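Naming follows writing order (A, B, C and D), and every chain is counted from residue 1.
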């Protein structure tokens, strides 16, 4: 069945499978100490213009969030995040499972605002009882957000400045980073992100890999004995080559960016189709996830022919649904959708 | 200096010290297995009209919250609480330290509403991805709340019904329970609380004891191997007699209720004084904590002569401050305050 | 360079890569809800003769141990393991990170004995203070063990009986299960294991897969909301297909068993070579890992031409080293080793 | 009934109750910020000859161990302890509950040896896989030990040197410190302990207080935001005065040492009685706990007239039992015991 359900329904970009096959019989050291991890690391450092970056490969997004947050925070600290953030809502309490509180702030279209972060931290320090409260120890944001929205360069710079002022690291969840970087409506470059964030990750799972997220520490700030902390969380992959080869391929000949741009092109065409057919948008997303407001009856009929994501009930009669494109969406898929609609 | 800073500035009710002294040389078993713990337990069961209750004594409030919540919740569950709840804000992340998320809901004057709890749980189960979310596993509320407010019998009954409907326990933090029960504006009896809540505790620390909170499981629902779970949290007192003797004294001859009523009488006189002197109240509290709105300059002058609590900034020029009475507040204290004001 | 360093130095069995490629463009649901996971599950149930088994796929061994142990244990319980067990020594404290103690017992050649488990549990219950101690809540063993040794049917049956007697589950870490099942010196069948253990896992990472461990709950005992517990540990793979397709392939046409038998054949030839060359064995292993006692100088020279694992210092002048074969070891590799030795 | 069951069966030294009563109505700040905590702190610093010490008061032993160990260790570290150590065996997994492993070493009469600690750490760093293992991050020992034995100055100095060499802190559990310091067979002074240990605590619960342990950080090494870490563990006492006043009293006019010496005098007389009556000792303890080997039948008869502690079964017919003296043991108690025996 036609599927716009998510950006992780198909396998890997064919070039990745090809490279896995070509390198399959090489005997390589485990745990990320192989030449492909090393090569991928170098390519990523170059791509984001951060020569002193330290790169580490993990398997999935929730795992990466839990590992990074718990390895950076002090025991008396929590992580600031939007109330709709992935770590706040959709990770089954993985952060709390590491003993740390998610300090949830209000958001707009999935985004945190520098001013509200600053206000929160100031209130914290003004509170006479703040020694009895969880210290704000880092800022988590996702780019694109859970709503497909993007931070502008100004917005991210402002947040980074608040972080610098209070000396807490800024962490960007880039599970869909490629789609953010290749959006037609962004002034944030890969280099900007590496420069403004203290740590971020480059999503593979949702951008053409079978699995894998590339964590980038940008300020000589990789936590001490990080491999141990990864292992302790059960997140160290024995055959690290699986991650290294995938990211090495994605960062060869611009593949990561090309396939992300393709997904954006498909998303823009998808938006045109929905506009053309008179469907209202729940919000304006400049990336690969589109949120449509749809009558419940119409939704049920549509569901028989195409798969898409349920987002939330809008009112008695309407629902917000999500259509996602990806590196593997084809113009044929879109044509088929158009004729169904 | 005259102090209305909190309800835990003085020691214990003299009768407690007297009993500690009288029983001091008796050789008693440790860990709560002594006759005084047993006697206190029986008196509490009788007082709350719950013959099948199981009572356990712990040292302090945050400890009690962490022990109860972590020993009742399943690993996939979190606890629903008001965003202003003590477990949400002022326990240094003690709940998250046990691996569980506090699911924070909006509140009114410190209180949760049955409808918002019900709405939250319904939304949770309607979410297609709820297996990726923290399950609502219990409801925490405090009575009196952090703002000194009280639930009505109707409000608590409604919340209890939501809990029964979704089969999650209702837990009441009664750190100041005595002041709630003896308020002039409450229709909730001790028996109602034992009947509506699955577990609650009777605060000693803030109501005349040196330390101690009496946990009451009302529905044959004391967690298995509870002593072990208490020990594991570092909360098991070797000389359990210290807790048993205090609660045995508090629940002899109505002492707990008498000293709580005294504090309420003092609070009502305190309110009269502030009203008389033209100070506005931040909110109407029917218990021993009073929240006054005061000009910053005036506050600074007042501070030189009397101790009170800072609550929060109201605006540029005004602050919300807290005056608390307790079992040990005297009419002379109030006279002195009146003349200072 | 020639490598006998471990059984996870090469990629995946070629048939796995072929199936990943063939199925690559199919749009499949995530998180293990795809047809390949389902199919693999059915094949595994059939292969181990346990029709009521519940199968779940995870990524790596440490992760699997932490997820299973923490999702089965009650908060007051710990897991019994050999002092040399993987969970005791080589997982960076991943079990303790979930809040549970590893109750370490003495071992012989990496194996636990039923009598020492029984003795330990009896002593525990006889201790008057056992409410202050960690309850023995499950037994963990690995088969093959970290030393490549195997439990006999009698030994495993005896351990299972102790577990039944005290009503605690028996958990087998089968990271190298294939090599155990295909050993020439074993009377334990796959069916025996499914029948004797309450939960076990079938290692993929070390037996021909890129990654993946198949957890099998055999007694209708999958923990409630297991997906949530997996997610909470950061262990839920978005593209579950990667695991499903691999195990589906491994359990098609006996592949898992055939490649395991091949590794055993290679190991037996390896043993012959070492015997022939006069190297003493540190212990007799009937599986794919061989532990050789070697003079330090000789070891250093050998290291220049072949990779192998350091195990432990034996004395001033000797070291125990490990040579591992795998599904990908070739007769040519062995010939090359023979000529080097 | 006559009781030698433990050193925490009676209440507090009468002078403590007297001081609690005298100071009862003073309005004091909470959480350890009162003048009695301050005064006690100064007296302790003076008594142990460590002017830069930082002192903090907690309620009980297990709590103190968990707070100190978890607030000092990095996430990748565990604590070295004797296999018979209190943190290893009798704290219901309180240390593991904070996410840290207890690295258990063999012991002799309850004591660790410097050489075995050194050997363990060396082996750890020599292991090629030590990044996959729990790092040794501190040494825990108790003095007196669980067996009532004592470290000599030489032994403790040797252990401290190993700690310095590997830059890990040395932590002494002094739950019964008074009895150790006043033993007739010790060359370790209070000053030695403050100088050799990085952190230790002075037990109150078992040495004349109702509750309380005084933690002493000796090297300007109190963990950052320690109050927050204490609160997070649920260990912060609201009425800190209860702890401050008790320790202030214990460290006034040598009370702590005098009552400890009394307990030792009583223990020596106890030993004489047992020797006189022909009971063999399980081991030689120079402190207030005595371990006697007794025939089971005789034990049962004795039990009818005097309370003592069960320690462990020695063989089919004999049991090791514990008799403890304390500050409150009287010559009359001993006379009574003599006539019973």
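Following the convention adopted for this analysis, a contact is a pair of C-beta atoms (placed from the backbone, for glycine too) under 8 Å apart; a residue touches a chain by one contact, two chains touch by 3 or more.
Given the structure is predicted, the values throughout are model-derived calculations rather than measurements.
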- Any chance you could check whether B-C or B-D wins on number of contacting C-beta pairs? B-D
- Taking each chain's centre as the mean of its CA atoms, the one lying farthest from the centre of chain D is chain A
- Note on the structure: Cα centroid separation, chain C vs chain D, in Å, comes to 42
- Note on the structure: Averaging C-alpha coordinates per chain, one finds the centres of chain B and chain D separated by a number of Å equal to 33
- Note on the structure: When centres are defined as mean Cα positions, the distance from chain B to chain C in whole Å is 50
- Which residues of chain B are in contact with two or more other chains? 76, 91-93, 97, 99, 131-133, 228-229, 231-232, 236
- Task: Can you check the complex and tell me which residues of chain B touch chain C?
- Result: 70-71, 74-76, 99, 131-133, 135, 224-225, 227-229, 231-232, 236
- chain C-facing residues of chain A, complex: 1, 3, 5-6, 8-12, 14, 17, 20-21, 23-30, 59-67, 91-94, 97, 205-206, 210-211, 228-229, 231-239, 241-242, 307, 328
- Item | Touching residues (chain side chain B, partner chain A) in the complex | 76, 78, 89-93, 96-97, 99-102, 104, 126-129, 131-134, 310, 312-313
